[in-house]
């Protein structure tokens, strides 16, 4: 990816210790049929939510990967830590997400190796976010998008503050104290903003939610999403990133209430 | 049968006398285990005028002696900004320095663009060292004829590195390269232990004292020949922060000409010398032109590869190198 | 929601290898920008809302950027293109300084922006740019661009979601359109209004656009670039600024040629 060798460069690696593979992996498209870029997501994850609280940031996502309307994989994780103080939550195409995991893990491993000699701190959440922004924008500009919407949560050790940002397949980026992708942008974001602003005020200068309060509002939002989003599942995880590092909870579910369904009339196959 | 003409055989014998059979090809070791082309490249660094680097817990400073190639020429730039947080001092071939510093700027910008961060100093130095190393191992190439002192500041604090055309990069508390740099090194070795806790003004004074030791006896540091680069928080008492946004932000900045006057005065005061300095300043030493080195045999009007000027040594004589004037200091 | 959108199959491009659907690489992120030139100053402003459809993505995203001590650029349209375009402009300015040891002048930046936009004529940056600042002769200037690089110098320009609301207002107030000087008095000359008047026009433009357009609101950033030696009293006098407005001077980026850049922030309605 960003370590790719440009055409015309030497056929050996930087240290002239081994030859680089010369095989042309990408065949010219005309001779072998159409070029397949990701045109539409196949196996998809739905909403990801994020909120800042007084000691850090939380990100929530459910455990479902859908194949169209089929609930295909019911126990996958859509939260992925990147080093000690950064974590991403990913919606959209799950194969693109797995590719992204592989690339980012490789990059971080390389950074860790370099840090062994110069003790330079690892990439900050902002650094990783900048990289993701460039990656997504570059791929959309090649008309070959990485079909995801990603929330990046983290703790900036230098500034001693939390970090929360969004990037998607178009390369669109933004930061805000509460964020949500997909259906969550419609259903959960208003609830998150309401809870956040109730304490912090509209200018964000007041006190932030506590860890317990933030977790509570995320669980409420996940419940609403489960009720209303047909591509969701009542099994989700919440990641918490603070100065101490990141943790990902075990899968949990919201208490749901379906008794009202008994009284509904006008749908389905009731006899009366 | 043909026999070599007298003139040709004379030429051959002359060549054999002066030429080392292992020095035309940079990829072949001599039986003594030397790569002569690399050693000659190191000589090119020694011919360049001196550059000093010093570092404290808070600052890194470069101090250089500028040379003019002639009365009609400007003084050669010795200090190059790479990024807000990295800069270099050069000794050796300016044109090679231009290529390498341009590469460093690209590396620095690459990290700014992809990660939004200032490139870690050790890594940018390593990237040019790796480049220089390939030139010592691939047939048909020549080593760079320039050495760098690199200062920088990153999340692990201020740094000072030396880059050499042999492909090495080492970190130092204090270091010197170029003509008569051994004299400066002697000073630095005697004083470096106090650098860590030194203030910016003290650090610069040490650097100027070391630089002063590289001068020929009849020469002195002046606004015309001294340039200083600093990384770290500015000291308004000695720096003109009014006219440098870089200084106000603690970024790499260069002080030369009138800009270096305040630093020189502070240094002279610290040594108990007259603040105005010795009254000579007749003309920039025009004889410095003689210090040029060129790649070809003959100096010509269109010298492509000009060393950034060495001390006033006649051509052919050992230019101000390691082992000259040691006793005087 | 581009994440799940599918453009009609008729978009298929028949000149290259067949591709099944066409991914739409663009979006519109709303918001508005404007700039007004004065005799010895220039004002460049934008709101801070970033939206997509009916969703507010964030209430604070920057659309106005200080490039040099004399130049400020505002971008509007597709935010990802805008951010990346500004990034590339800044990159070019840095290499210019490496090469020439001085910052690029305003009119050179304007021409450079034209060539950078036109270079992507067939996959354009979906961005409307407005460049403001101080010209070499000390005058305030505004340059406006279309997404593919067509540009001109003007006394004022509005762009973005609320262009159709703001530009007619500026035509009337800055260019004196539909106004007639009293008989016997001097003709109107656009581009000579005092700073306090210009600031009021900017604030009124954005507050009224916020009332009438859903994609405008949340906050406002007004950059004021002043020529060297100009008085700052008409900006820094607290009494002259509206309630809740704050001024901050942005320190010089270069050697300090005397030009000064100020950033005025103000809140806009969030509904």
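Residue numbering begins at 1 within each chain, and the chains themselves are lettered A, B and C in the order written.
Operating definition for what follows: contacts are C-beta pairs under 8 Å (C-beta built on N, C-alpha and C of every residue); 3 or more make two chains touch, one makes a residue touch a chain.
As the structure is a prediction and not an experimental result, all values here were calculated from the model.
Visitor: Can you list every chain that touches chain A and also touches chain B?
Guide: A chain counts here if it touches both chain A and chain B, which gives C.
Visitor: Taking each chain's centre as the mean of its C-alpha atoms, which one ends up farthest from the centre of chain A?
Guide: Between chain A and every other chain, the largest centroid distance is to B.
Visitor: When contacts are scored as defined above, which chain pair ends up with more C-beta pairs, A-C or B-C?
Guide: Comparing A-C with B-C, the pair joined by more C-beta contacts is A-C.
Visitor: Approximately how many whole Å separate the CA-defined centres of chain A and chain B?
Guide: Each chain's C-alpha centroid was found; their separation is 49 Å.
Visitor: Taking the mean of the CA coordinates per chain, how far is chain A from chain C in Å?
Guide: Their C-alpha centroids are separated by 32 Å.
Visitor: Can you check how far apart chain B and chain C are, centre to centre, with Cα atoms defining each centre and the answer in Å?
Guide: The computed centroid separation for chain B versus chain C comes out at 45 Å.
Visitor: Name the residues of chain B that each touch 2 or more other chains.
Guide: In chain B, the residues touching two or more other chains are 113.
Visitor: What does chain C use to touch chain B in their complex?
Guide: 87, 91, 94-95, 98, 251-256
Visitor: For chain A, which residues are in contact with chain B within the complex?
Guide: 2, 14-16, 114, 117-121, 123-124, 126-128, 130-131, 134, 158
Visitor: Would you pull the chain B residues touching chain C in the complex into a rising list?
Guide: 81, 105, 109, 113, 242-245, 248
Visitor: Please name which positions on chain C make contact with chain A in the complex.
Guide: Its residues touching chain A are 1-4, 6, 17-21, 23, 25-27, 29, 50, 52, 55, 57-61, 78-80, 83-84, 123, 270.
Visitor: Please output the residues of chain A touching chain C within their complex, sorted ascending.
Guide: Contact set of chain A toward chain C: 29-30, 34-37, 39-41, 91-92, 137, 140-141, 143, 145, 147, 149, 166, 168-176, 181-182, 185-186, 189, 202.
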